[in-house]
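For reference, the structure is listed below as structure tokens.
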Amino acid sequence: MTLSRRALLGAAACSTLLPRPLRAATGARLKIGLLLPYSGTYAALGHNITDAMKLAAAEHGSKLGGREVEWVAVDDESDPAKAPANVNKLIAGEKVDILTGPVHSGVAMAMMQIVRQENVLTIVTNAGAQAVTGTLCAPHVFRTSFSNWQVSYPCADVMLTAGHKRAVLMFWNYSFGQESMAAFKEGYSKGGGTVVKEIAVPFPNTEFQANLSEIAALKPDAVFVFFAGAGAAKFVKDYADAGLKDKVPLYGSGFLTEGVLAAQGAAAEGIKTTLHYADALDNAANKKFRESFKKATGRDADVYAVAGYDTVNVLAQALGKVKGDTGAGKELIAALEATRLDSPRGPFRFSKAHNPVQDVYLRQVKGGKEVVLGVAMKDAEDPAAGCKMGK
Amino acid sequence: MTRRILLLAGALALGVVAFSGDRFWLQFLGKAMIGCILAMSLDLLVGFTGLVSLAHSAFFGLAAYALAGVTNRLGLVNPLLTFPVCLLAAAAAALIIGWLSLRATGVYFIMVTLAFTQMLFYLFNDSPALGGSDGLYVAERPVDSRAAAYVAIWAALVLAYLLLARILRAPYGRALEGIRVNEQRMRSLGYPTRRYKLVAFVIAGTLAGVAGYLDATLYGFVNPAQLGWRQSGLILVTVLLGGKGTLYGPALGALLLAFIEHYGERVTEHWNALIAALVIAVVLFLPRGLAGLVQGGRRA
Amino acid sequence: MPEPLLLTETLTRRFDALAAVDGVSLAFEEGRVHAVIGPNGAGKSTFLNLLSGELRATQGRVRFRGLDVTRATPDELSRLGIGRSYQTANLFPELSCADCAWLAAQSRLPSSMRFFRPAERYAEVGDRAARALEVCGLSGRRPTRAGQLSYGEQRQLEIAMMLATEPTLLLLDEPLAGLGHDEALRVVALLTEVARGRTVILVEHDMEAVFSISDTVTVLVDGRVLERGSPDQVRNSAAVREAYLGEEIA
Amino acid sequence: MSLSLFALQLINGVEYGLLLFLVASGLTLVFGVLGVLNFAHGSFYMLGAYLAWWLSERTGNLLLAILVGLPAMALIGLLVERLAIARLYLRDHLSQVLLTYGLVLLFNELQRALWGNDVHGVATPKSLAFTIPLGEAQTWPAWRAFTALCCIAVAVGMQQLILKTRFGMRVRAGASNAEMVEALGIDVRRVFSVVFSAGTALAGLAGMLAAPLTTVYPGMGESVLILSFVVVVIGGIGSIKGAFLGAMLVGIADTFGKVLLPGFASAMVYAVMAAVLLWRPRGLLGPAFEGR
């Protein structure tokens, strides 16, 4: 009897879907827990999300549903080994009313198991693991960032319409990379594209020369990759140095350039990516947000900050309806499900599985800047495989 | 004598918490005690046999993964069944890795153990079937209530200490100490020293397996990050900080680090610098570690 | 001639080109004190290390009670009853004399893999250790750390530890090296008493001390046997005098 | 795998090996001569990279940044040796591991405090911004060629210095028997200070040369630390030639491992090390004794 990993997670999920009341709303102050990385390679993301959340709260007079906000931050160091202890520190130790975070998907999986048993209202502000709003979906768990599917699936169509029929896939071999590739292949094979080769690179190894030589020899129409942060910066530079930049067009989800565009410099010129946000989106909410974020922190806002900003705005709207009563269970969840936001990323609402329904944009690097070429997928909704809520 | 009283008092204090019902302290101290078991069992190797192993977290992780595997795939939940199976897995791994690693000595031994723990890390981290980098849930934990898990951990800690203290006072323990001081001389006195070191390696590895089993029971979540060399390095630092060769010293070190990590964050975002300062201070001014503060830190 | 206790057949040990021990074939009768002498670099210590398993022979055989022990490890040889002492102090510096003797005595238990009964409870081990210290005159120094003993006392502890393993064959590596006159006398007296009823192979540089307690003397030069016989035969042998005197004059 | 691809992969492997050697050379020198197990070696690599980025931003030219950065790293090495490492020479390996572990944490916090958490790119100097064609499909950036040449120069330089010069002779003597050297009236402390400072500078140089390739980010020293230990141990502690051999072995094994056995690639390097140590427990060219 071999249970696939997904089924096993599902089994664990059903056993805890009991309709227990949410943690009662006690005390005037609204305690919001931040499970984010403040040290290590993802520290920059942790700080951006936190600062954007505080900015949004300030715009609401630092009161949500009439209650003064108290932030409780814990540095998760993106270390899954410490995740259970850190989550315990926030839920059982600090007794936060609402838990938000994390960035790393391994930490998210640990958090999900505890949160679904402790029944604490949780908003995932970055980790794109499918299971969060898939096999592990739960009434009191929402996500304001994205699912790995959303940022990769649309890129398949983009490449096919550009006439790239033969593609090589290269990705960091951990869950984020694997899920991105699965989503891309779903779209690409459906559209008649053929995957010449899948190159899985051990995470966090950044020695790409061997694989770049392979790609050069295979001469595919295009390459779709998943890398992020410093690894993405290095990959793009190595890709250009290997002379592939002008011969084989490079595609990826937005994380290939997000936050490391400056570090990549000219090497990133021409790269097309799909993401639910772009710095250059010209809508009023985005302009206002970027200005106030720049004023508040001196740094430019990015996709991670947007998720933080929207999280607090969603809470402000929902808690307003229930007058700040986090113990309001059904009413609060219904209020959250009903929220509509005019977010910097564009129109924002929750799907039945509590994942954002949002436009995914096609962007290209021109002159060192992200230019929005158009909408790659309108109102993209994660298939939420394995989630029975609302179906 | 005061050391024995201190130990008793410490054990009772930790024991009382079991009845406090405070969900946070049960899990926080539960995790800290698991750290104590890991540090003490590694001290058997580092402090008493002179073997610096970086494979300790591999046995911890292996037992945790064994529990996840046995429970999820075979549906076994009863601890009387799963506990021995997981321990056997850790012990078998310790026997194989030990037998191979002990062919090298000194820093080379350290690096061979590091190699094995990294290989095991990648085995679990890179294969989706074993949970990949996200890790696995334990579908049904052997002990469901947090208080019961706490009591089990507490009992394991007390038994581990008594067992190790007992072994170290027995002829086998004397032989280990001789091997630590001058292995070549022990060989010429008739001791097959590699076999003694292998037995110590398996005992320590099995106790690390106990800690891994209890960790998976406490949290119901296993992740490859628990296996890497960084975790082994942390256990080694705990042993050295607490005071190697005293058994209770490493346990002190584990408790202290747990509290610093918990409260350090309140003091400053750069809480790692606090730990750095403590580590450097201990090395320079307390050569025998924290145990040096307690009544001269006599041998166990 | 009774069967020799220990036999070497063309025993050789090469360090790259240099043959430190070159084809040595010797027979050592049981119950006798056999001295092996020779100038510096004659291969005496290498020869002893080959017998005690610390070094592996490049060629040749070693037989103990007829058993081929050429490739035996030091611990196997010790368990067969071959005890050895070291020229440079090779003790447990941090442990007390009592503990050092204890470890040696404990090695005679069928196996030290005993995990539960506290070591002190093994009375026979305690007695054996005490006796060895007593014979070697170290009863008064039990609690002192081995590292803090005087040079002569460390040599006595070496011999006590060897005795505590109750060997039938003693391999002594220059037990008198570096000792003052009266310390040497004390050690020689101790060796005479210890040798009674046992077989001894004594490697020594000091010819005079050896002659008084040896039954046979073998002279090694450049890894080969130059002369072998009773102490008087060797003392009067022209070849030996020339080998030694030649060495001292040059 | 066609012949041309094999040749390309070989170049990739050797090039990666050369950079690994540069990092490992400092480590094997410090460990072989001073007998100090220096976990902070990875931090010096990181500091070197950050210095190269920070100085090249100020001066606009990476080569100038390296010229200024190298002596700075040597100075940092000297300071660390005088203030912390010097107290450990007679202590056991474990105290050294613990102290240098503390230094790693300290350097990580220092880096975060000074330069924050963002990823920074480092531009290669204009004079070396061109690429060399390798076969028809691929090109090789001049900066990588320059780095490879630097590594070779360092390798040859170290070999000559250690074997041929008086200072080299003192270094070797210090490695085999420091007490004896001191007894002969040579100030061993000065030899150790210079060696540790040189080791730090080598790690820093590796960081500076790699900065344009790897970009600069928090925690970048850690992966390099483990790989340099693997290289040093495979080659045999204290042996420069061994470190070179080990670096080549690891560089090539990792490169071909990624292509031929993708699933096993990450464990490959460790499997190679375990195999070498089980075959020769002192490393390929390890001295008979274990360093000091």
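We just call them A, B, C and D in the order they show up, numbering each chain from 1.
Please note the rule applied: contacts are C-beta pairs under 8 Å (C-beta built on N, C-alpha and C of every residue); 3 or more make two chains touch, one makes a residue touch a chain.
Bear in mind that the values here come from a model prediction, so they are computed numbers and not experimental data.
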Common touching chains of chain D and chain B: A
Chain occupying the middle, per Cα centroid: B
Far-end chain from chain D, centres as C-alpha averages: C
Between chain B and chain C, centroid-to-centroid distance (C-alpha), Å: 43
Chain C and chain D, separation of their C-alpha mean positions in angstrom: 48
Centre-to-centre distance between chain B and chain A (centres being mean Cα positions), rounded to whole Å: 36
Gap in Å, rounded to a whole number, between the CA centres of chain C and chain A: 74
For chain D, residues contacting two or more additional chains: 108, 112, 263, 266
Chain B residues counted as touching two or more neighbouring chains: 122, 125-126, 272
Residues within chain C bordering two or more other chains: none
Chain pairs that touch, as defined at the top of this document: A-B, A-D, B-C, B-D
Parts of chain B lying in touch with chain C, wherever the complex brings them together: 166-167, 169-175, 177-178, 181-182, 184-193, 196, 199
Complex contacts: residues of chain D adjacent to chain A: 2, 4-5, 8-9, 12-13, 15-16, 108, 112, 116-121, 123, 131, 133, 135, 137-141, 144, 212-215, 217-220, 223, 254-256, 258-259, 262-263, 265-266
Complex contact set, residues of chain D against chain B: 31, 37, 84, 87-88, 91, 93-95, 97-99, 101-106, 108-109, 112-113, 226, 229-230, 233, 237, 263, 266-267, 270-271, 273-274, 277-278, 281-283, 286, 290-291
Chain B - residues contacting chain A, complex: 22-24, 27-28, 31, 72-73, 75, 122, 125-126, 128-129, 131-137, 139-140, 218-221, 223-226, 231, 262, 265, 269, 271-272
For the chain A and chain D complex, residues of the former touching the latter: 39-41, 43-44, 47, 199-202, 204-207, 209-214, 216-217, 219, 229-230, 233-234, 237-238, 241-244, 247, 259-260, 262-265
